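Shared between the two complexes below is chain A, which pairs with chain B and chain C, respectively.
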Partner chain A sequence: MVTIAKEVNLSQAEVQLKGVVAGAGDQYLPVAYSVTSRKRETADTVTLTLKPKDSRSSVCPRPRPGQFNMLYVFGVGEIPVSVCGIEPDGALLHTIRRVGAVSVALCDSKVGTVIGVRGAYGVGWPVARMRQRSLIILAGGLGLAPLLMLIRHVVRCRSDFADITICIGARTPQDVPFLREILSWQRLKYDAGLFDVRLIVDRADRDWRGEVGVVTSLLPRSLTAPECSLALICGPEVMMRHAASDLVRLGLSHCDIYLSLERNMKCAFGLCGHCQLNRYFVCRDGPIFSFEKVESLLNVKDL
Partner chain B sequence: MVTLRTIDNLIADHPFFAGLGSDFVTFIAGCGRNRYVEEGDYLAHEGEEANAFFLIRRGKISVETNVPGRGPVVLETLGIGDIAGWSWIFPPYKWAFDVVAREAASFIEINGLCLRGKCEADPALGYAVLKRFAGIMSERLRDTRLRLLDLYGNDRKRS
Partner chain C sequence: MSSVSDLVGRCFRVSSDVLGLLIRTLRDDGYIAIGPRKVGESIQLEVLDSAEDLPRGWGDQQDAGTYRLVRRSDAAYFGFNLGADSWKKWLDPNRKLLWRAKREGESWEVEQAHTQVRRMAFIGVRACELAAIKIQLRVREVSRLQSNSTDTNSSALSAEVSVEAPEEPFLVGLNCSQAAATCFCASVHTGPAFASGCDLVLTEVLNDDDHYFLIQILTKRGARISSQFELQTSIADDLAHIDRQVAQVSDSQSRQLNISNPVDFFSRRLEHSHWDDVAARCLSCANCTLVCPTCFCSTVEDTSDVQNAVAERWSRWDSCFNLDFSFIHGGSLRSSTRSRYRQWLTHKLGTWHEQFGSSGCVGCGRCIAWCPVGIDLTAEVKYLSQATR
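== the complex of A and B ==
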């Protein structure tokens, strides 16, 4: 009896899965984009500008801050890469670090190289919840890339928000991505509200005039109105766990802290299960999650 | 009109001593003095007698050590609201690192010898002071451990 029941369940699941897979076919098809410029950010990081290969080809939907695209290097493989900007003409900006075969191939791609793009995927940063709130934005290493579009939006619409604190950490002064833009933010002056952009590196010699230490040490010591604050964090998961705990101690509610998680994303639309995190698929339900949703999961080893 | 702020006021307002009773603040203020240093001035030299700690009010200082062949290496920078120095609490009372002003800085210098005497005489004061130092030590130890992980290092092998 048990065996029969299992068979029935399995066949139902198979039927469901076949339906989903049949509907997913088009979603696996990449759109051909050309690399139109390549800018070296640091020794191992490159920003690529991607435009549709020709004017007749289709384009991917315009991504929202925090979303990602799947970038396909033909003959090598496909990886998820967050969108760090959109040019006025709609060109996509992706910053990639040399880590494995696909990212190295992307970093080495020359102007004119054709790359497959699928997207945009995932849940972006909670832009609608940010209005009129004080924002604490914390980025570690290349975690700044998925926050870049968001910070540019905040700078552009400064009056929509209360106090803004941006804390950026990097390994050494040579490893700071988007340094010129960070310095330009530090020079910004606004009539009302705090706008504080701080940069810190893990290690440096005396030539470095900035701060040295871990990025979480830049968090404010106290908050006047934690109930009106929202925190947005992206970086190594260990750093995010500690930062989120510090923010809870400062009085922020778990539901007002957002983290960008990274897992092994393959299909990017919640089908293959590679990025499963308990009841969530990081590609579909994330990569941005509230701390309320994932706090307990982050403490489970190897999940 | 300029309001003169006493050492008591400055200590009571410093985050390190937040919530400390006014009696204790007065006790500690008796060991304190206001100081100002220019960029590049040393507040402490590694290996020398440690008989003070600093409550930073303005500016930025760094904790440094000299590495042969590399020169001075900045271990950590500290700014407004931070404190520097706990070598005065434990024997042999020697500074473990250099403390240097990265920019002009104002701070309250607390005489460690004076405060140690008061803490020995009044365990409640000693506990209140040590509890605060333990908090800072625990925080900086965690931060150091996080930096030891070299989280931004490119040692992951993925796609």
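== the complex of A and C ==
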């Protein structure tokens, strides 16, 4: 009779196998939220306020600025949407642009419609690194949505930060989301430090008195203390690449520039594979990345 | 034999008709037996009712872009190599229902997704396939561990959903008797030798006047099933025979894949001109990803019935070769075949290490055989090695 000399260690494989067969069904389950208000921002964007469907129903964890939720419309589909605000009672604010099947259905949903929510996902803006620094916040178009909650925080806790420059760009004056709030920021007065909120449009109309051009042209010409500055950027990828390069020229380090990337996402928990950017799962390792992490990847065409 | 658990860790001889008894015993124990079966002109992994279903006497010829079944001159049970199917067909089915929701007026509720719990027994799992099963497990484990908020999310939901944890599949391993021309497990260290991880491991021994199996019993479960067989004491040379057979299978592999620092290798070659060369041949058909035992990408489909009263979410295998895969409003990010093949290969062999701590390739050679134009990743890597641009 011969006994096997080779290592016999099975417990690991046996225990692990259970997970596979169970699948990821539970991770895909949406929590039911009701639309409690619906506000038109621009011709093609709508802000929805979402509250748990009833007092018995479950609640998604409170999102941090820059995180996103997966929003599901019954029978239509599900898409990633940034959290642009949280009401004092915990209600979620999401601003959505109508571009295709699901976003149109979300924009058209009425007060009372039940929406499925899963989240919050992603890493969010580097709030802990922002304290005592000068902030340069750059938003292109609806890129303002994922930055809105952060800007509200900055406005509320103004004294935690040094100089603050906020640059916002839109295609036309009609496409500026959250216009009234932007104007209210422009009226804010603080005792210490710069607080500059600037708005620019690609194409002006007759009534536009403000600046015309690309949003990157609003960046300061020079910085007094680039080593104490942090930049937070969200918008079209080309714009973010240009802005980040400009900021590097102004003296910011790659690790102090953050940008929010957009990729196709089906699961949002690093399993469906769709959002991969080289080694990263954008849903899990992002969507907010330091320029240091992604610069070389963004320079490769079609990666 | 004193007690069943004494069998664990030992090797016996069993007659060649043990397979029928194995299938019957597993079925009597409540398992669905799944194993190789000739379906049309290929061998697939299907439910087995008896040993009659096994493709006895069949072999195969494989090469880049070629898979053909051939009659063998002997009556070997496992005289063939891998077909297009891998065990992921059973562990992570192509289509699965994730949940169902029912509408009542303006509102709707999600209903528990009934995971169909089946006790499965896999017969004839080869070393490279066990490695692939472990890699797929690792992918799921990493997703669970690293996605920070899903835990809170699912615990919030635990009142609504209970996911039953089924019993892990019963694994009957198989030491290969021969390698196909497409195999290269030896060079990527996933086979052909078995270390551990199965309940039983079979080795088929077939020579001029003898046909029997060596059975290594590795678990209590395995011992319980094997206690039904007529176990014959094995001789010292039997284990040596297994080693010789494994060594022979290993030595006969001509394809190899050796990349000393894979992460660095691919990150330096993202703009290599050879990607254009592959793109000129590749049809973007996605065959390679479908047959690959470790490819895990999936998509979801949200459906509803005609009255829009019942909605379902299904998950289904997807492929990085599909144009839609990287679609965001305005177009696909990987619109060229060049970028899609690059994504596949650099992920499988490079960034997989950074994400999951190993290569995504177990050297099974399926993607080589089932590529309609015979693209061979081992050859492509050789071209890529010649220069960095």
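The criterion applied here is as follows: the second predicted complex is superposed on the first by the 277 of 303 C-alpha atoms of A that agree within 3 Å, B and C clash if a C-alpha of one lies under 4 Å from a C-alpha of the other, contacts with A are read in each partner's own complex, and residues count from 1 in each chain.
Assume contacts are C-beta pairs under 8 Å (C-beta built on N, C-alpha and C of every residue); 3 or more make two chains touch, one makes a residue touch a chain.
Only a predicted model underlies this, so the values are computations on that prediction, with no experimental measurement involved.
S.K.: After superposition on the shared chain, which partner residues are touched by A:100: those of chain B (first), chain C (second), both, or neither?
M.R.: Once the two structures are laid over each other on A, A:100 reaches both partners.
S.K.: Output check: A:72 vs chain B and chain C. Expected answer is one of first, second, both, neither. What do you get?
M.R.: After superposing on A, A:72 lies in contact with chain C but is clear of chain B.
S.K.: With both complexes overlaid on chain A, does A:82 touch chain B (first), chain C (second), both or neither?
M.R.: In the superposed model, A:82 contacts neither chain B nor chain C.
S.K.: So in the superposed three-chain picture, is A:212 touching just chain B, just chain C, both, or none of them (first/second/both/neither)?
M.R.: first
S.K.: Contacts for A:229 in the overlay, against chain B (first) and chain C (second): which applies, first, second, both or neither?
M.R.: A:229 contacts neither chain B nor chain C.
S.K.: Classify the contacts of A:204 with the two partner chains as first (chain B alone), second (chain C alone), both, or neither.
M.R.: A:204 contacts chain B only, not chain C.
S.K.: Which partner, chain B or chain C, is in contact with more residues of chain A?
M.R.: C
S.K.: What is the contact status of A:109 with respect to chain B (first) and chain C (second): first, second, both, or neither?
M.R.: Neither chain B nor chain C is touched by A:109.
S.K.: Would you sort A:134 into first (chain B), second (chain C), both or neither based on which partner it touches?
M.R.: In the superposition, A:134 touches no partner, neither chain B nor chain C.
S.K.: Using the touch definition from the top, say if A:49 reaches chain B (first), chain C (second), both or neither.
M.R.: In the superposition, A:49 touches no partner, neither chain B nor chain C.
S.K.: Starting from the residues of chain A touching chain B, keep only those that also touch chain C in the other complex, and list them.
M.R.: 77, 99-100
S.K.: Quick one: which bits of chain C touch chain A in the complex? Just the residue numbers, please.
M.R.: 8-11, 91-92, 96-99, 101, 103, 106-110, 113, 115, 117, 120, 130, 133-134, 136-137, 139-144, 146-147, 149-150, 152-154, 156-157, 159-161, 163-169, 171, 194-199, 216, 218-219, 233-236, 238-239, 263, 267, 270-271, 296-300, 302-304, 308, 311, 313, 315, 318, 320, 325-329, 333-336, 338-339, 342-343, 346-347, 351, 354-355
S.K.: Mind listing the chain B positions that touch chain A in their complex?
M.R.: So the residues of chain B touching chain A come out as 15, 60, 62, 64, 70-77, 79, 81, 102, 139, 142-144, 146-147, 149-154, 156-159.
S.K.: Note which residues of chain A are touching chain C in the complex, please.
M.R.: For chain A paired with chain C, touching residues are 1-10, 13-32, 34, 53, 58-61, 72, 74-78, 99-100, 112-114, 116, 118-121, 262-264, 266-274, 276, 278-279, 281, 283-284, 300-303.
S.K.: What part of chain A is in contact with chain B in the complex they form?
M.R.: The touching residues are 44, 77, 79, 97-103, 140-142, 169-171, 175, 200, 202-206, 208-214, 216-217, 221-222, 235-236, 238-239, 242.
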